[in-house]
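What follows is subunit A paired twice: with subunit B in the first complex and subunit C in the second.
Let's turn to the complex of A and B:
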């Protein structure tokens, strides 16, 4: 499915933030904004809901913790019990470092994989890019074009008024 | 969009102390005095506190009757002296953390914390009285606190001679100890006053000159504090268990002070905000304070565990005795505090402060701050009491004295807070703090 976008190119992050406010206030729905680095306050300005990634992280962590404890208790307590340093077979203080590491490991990997998947950043042959300059020094605001031809000129004017240095049209093939 | 629109009119705010606030603090002191008197009477009569037979003490009513461990003081007096030391170490730590926080923010070029800077500065109002109390308590009660000060303990051939303690005489001797104590307290007090003075002058004159000077002063303080806080922890707390030592101890005490100090600042900021002050303080600043509290609760636990696990695993008698006394020793006198310490200082803040929303709500922060402040008082209780009081420590005298300290601390803290604007109006990073987002 092919979609058409109007791309407003901005040079400055403050101009961009004010433009987002004004354009949203004018009733235009912004598809997304691409920036070379994280811009403070942009999530609120775009009205993006808070990510639920922390909830996923908690459960990844819990999985790692449970797995580590089960592994150590099963291995050292039941499968092959050994006396180490005169301690009981199931010696919890000795299990804490490994449990901590496994919690962090599961948490970190789980979060990265989840984040890449939901952001569609997984590896593929053809990577859709709105404007490559968004990885260098420009801020790119994408607004989806839906209906008539006059929409583009209307948006061009709106973006220009709000400080866009140029406005382009782009077709994107999306799954 | 409060974060995007420019806010003008950051003006000076002056705290007006109402007589009722002061009355509240005096009530806290009075309650402490009453508890202290009740506690002393109960202890002097030998009722109300458990005495375990396992320690080999008689249930002592007669002052100094059971003399084998008590050198000089009767139990009630010993408890008063030890509690004074305990609460003083705790409160003086919180006081110096105020200065540490300010210095750290300067050196890190941090902007977000400018709005709460005056609270940190005001904490150090307690340093001077705390230092005086510390010196007095040391001279009056050193025999009850420090085993190594006993007569003849370092003299070969004396009946009290202890070869291990004598081996530490190069470091643990009276003149050197007092010189060290005065040096730490002097350094802390000098740098607190210096940073405070620069900050107040900046309020009047403006410009960036004071800011750059503060960075230099702060950097020097941080270096000196790194050494002096660690050594103070050995001197004031670790040398109580004179046969025992831990290389983690300086960090452990610092971690305890640091997280309590952050909790104290957060609590003060919330109370000021709720009283209508600090207009520009918002959930973003509290969020960052909450993150620090959350993070350093975990840091404290990390240090605690690092110390515990190595000793537990190696199981050398001379090291493990420290945890034996606290975990099951003296007929289990301290066992519940050992676990309570971990629950209130780690599990509780960890689970409660985990979500973003909890760190942005005043009520949640308040609960956690109070829990951490109480929890770390117990942490110091667990560090100081077993070696000094054996099984004879209790809570009536100890809490009474803690309340007296709390009330006095708050009186001086709020007094200094009211002496200058709550907002450092000419701080170069003030604007950044006002527009802070997390």
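Let's turn to the complex of A and C:
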């Protein structure tokens, strides 16, 4: 499916943040904003909710900890108990290092895999982008064009008024 | 209307724009390899050849090719292992601990420092694996079942803790590093001209576009990874030190080891970061990003951790005397005055005395002095591990088994070979990957150059004035005197 977008190109993050606010206040829905670096305050301006990844990270860590404890207690305490250095079979203090490492391992990798999955990041040969300068020095605001040609000229004026240095039209094929 | 903050100094000098950062960092990725890089790579590959030959000798003829004997069963291999792992610690410290402490100057050095961590851990891992004698059975260190030919692994053993610590450390560092690389790969992809480069960097960039939602999640992930990597890095060298501290060998059996080893690791790591950065900034013309201020700050960290290490050396001696254990006392007297006194003297000079020169401002800000100092520290830290390991072992409880240790050429070959491996990986990284984190440096470009924030947040209900197409903010390029105290 092909969609058309109006792209407002901004040079400065402060101008961009003002523009986001004014354009949203004018009742225009912003499709997305692409920037070369994380702009602080953009989440609030765009109304992006706080990520719940930290909660996921906590539960991944908890899974790692439980798995490590189960593994060590089962293997040395039940499956094949041996006396090592006169210690009890289930020598919990000696299990702390491995439990800690497994907590970190599960937490880090679980969270990163979740991040890649929900952000749809995976290796691919071609990456269609709105504007190649968005990864260099420009801030690109994309607004989806739904109806006639007058919409583009209206948006162009709105974007220009709010400090966009140029406004372009772009067609994107989306799956 | 530009206002230069009187308190903070700019982290990036030279009046750069966002586009300049992209240009400066991408330059060497896009250019053809130059002759100096080729020459350096040839030298590194030569040493890598020595590594492979020494490894071949070790595997074909066995551990007997090394200089180990019945009394000194651990020597260069474990010394090199601890040395390399220690070097790696500075990378994580810069990328994780300094992120949590909001030390923004870390941004321009964290990429290369993290790369150093990963390559150093790869080099470190070679030694325990080769010392196994049969590295093809290395997977036996993981908890596999009895049917594989062994019982369950012993979870009470610090050597097993090490397996978990090092493998977790390596994989988490790698992921942390890669997440940071993704936006920069996207930058290179969007600039790439050739079809191969475009495809390759598209693949590496994981389809990153820089959308607001993705950046928001990216920042959350970075922060949490930093949060878990911080205790992780401390745990790794703590566990490495427990390889020694949980034994009953005099000279090893000390509770001071974990903090002492962690400080030493950061000490040697920062020395290696300095060595690499001083070369990188000149070769790739990054003097505006890795400034004298960065060098001075790293020198300070090196001096502080070096002093902690110095205090630990003295504490060990005091405790040996105070313990009234004859064997413990002898181990330390033998260390300082026995046949290995020269190793002990090198360690003391390189690690405790020379770093104190950093107290002088002129030395802290001097590039040649810092370069020499950083290499001296790494030599000193190698001797520290050698002193701890070999002098504690070579005269044990039974005087009839007292021996001296001398390395064979295979020992030496594997060690200099890992230096070749390290520099081969680092040179390839420096050529094909962005050595400075462009996205992060762009966020700190205005640091110390206050344009006065005009955005007041969406909670304020005042209607912001309609903006004129404002002239793009120009970063400071003025010949301003940044000296803070005037």
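Operating definition for what follows: the second predicted complex is superposed on the first by the 175 of 175 C-alpha atoms of A that agree within 3 Å, B and C clash if a C-alpha of one lies under 4 Å from a C-alpha of the other, contacts with A are read in each partner's own complex, and residues count from 1 in each chain.
Keep this in mind: a contact is a pair of C-beta atoms (placed from the backbone, for glycine too) under 8 Å apart; a residue touches a chain by one contact, two chains touch by 3 or more.
This one's a predicted model, so the numbers in the text were calculated from it and none came from an experiment.
Residue contacts after overlaying the shared chain place A:17 against subunit B and subunit C alike. Of the two partner chains placed by superposition, only subunit B is touched by A:86; subunit C is not. Legend: residue contacts after superposition of the two complexes on their common chain; A:94 is shown touching both subunit B and subunit C. By the touch criterion defined above, A:162 reaches subunit C but does not reach subunit B. Partner contacting the larger number of subunit A residues, of subunit B and subunit C: C.
Of the two partner chains placed by superposition, only subunit C is touched by A:119; subunit B is not.
When the shared chain is aligned, subunit C comes close enough to touch A:53, but subunit B does not.
Under the contact criterion defined above, the residues of subunit A that touch both subunit B in one complex and subunit C in the other are 17-18, 21, 40-41, 44-45, 54, 85, 87, 94, 97. The part of subunit C that touches subunit A in the complex is made up of residues 17-19, 22, 143, 146, 151-156, 158, 160-161, 164-165, 168, 171-172, 175-176, 179, 182-183, 186-187, 189-191, 199, 202-221, 224-225, 228-229, 231-232, 235, 239, 242, 438-440, 442-443, 451, 453-455, 457-459, 464, 466-470, 472-473. Those residues of subunit B lying in contact with subunit A across their complex are 1, 3-4, 305, 308-309, 312-313, 315, 354-356, 437. Subunit A makes touch with subunit B in their complex at residues 17-18, 21, 40-41, 44-45, 50, 54, 58, 85-87, 93-94, 96-97. Within the complex, the subunit A residues that touch subunit C are 11-12, 14-15, 17-19, 21-22, 32-46, 48, 51, 53-54, 57, 61, 71-72, 75-76, 79-80, 82, 84-85, 87, 91, 94-95, 97-98, 100-102, 104-105, 107-109, 111-112, 115-116, 118-127, 129-130, 132-137, 160-165.
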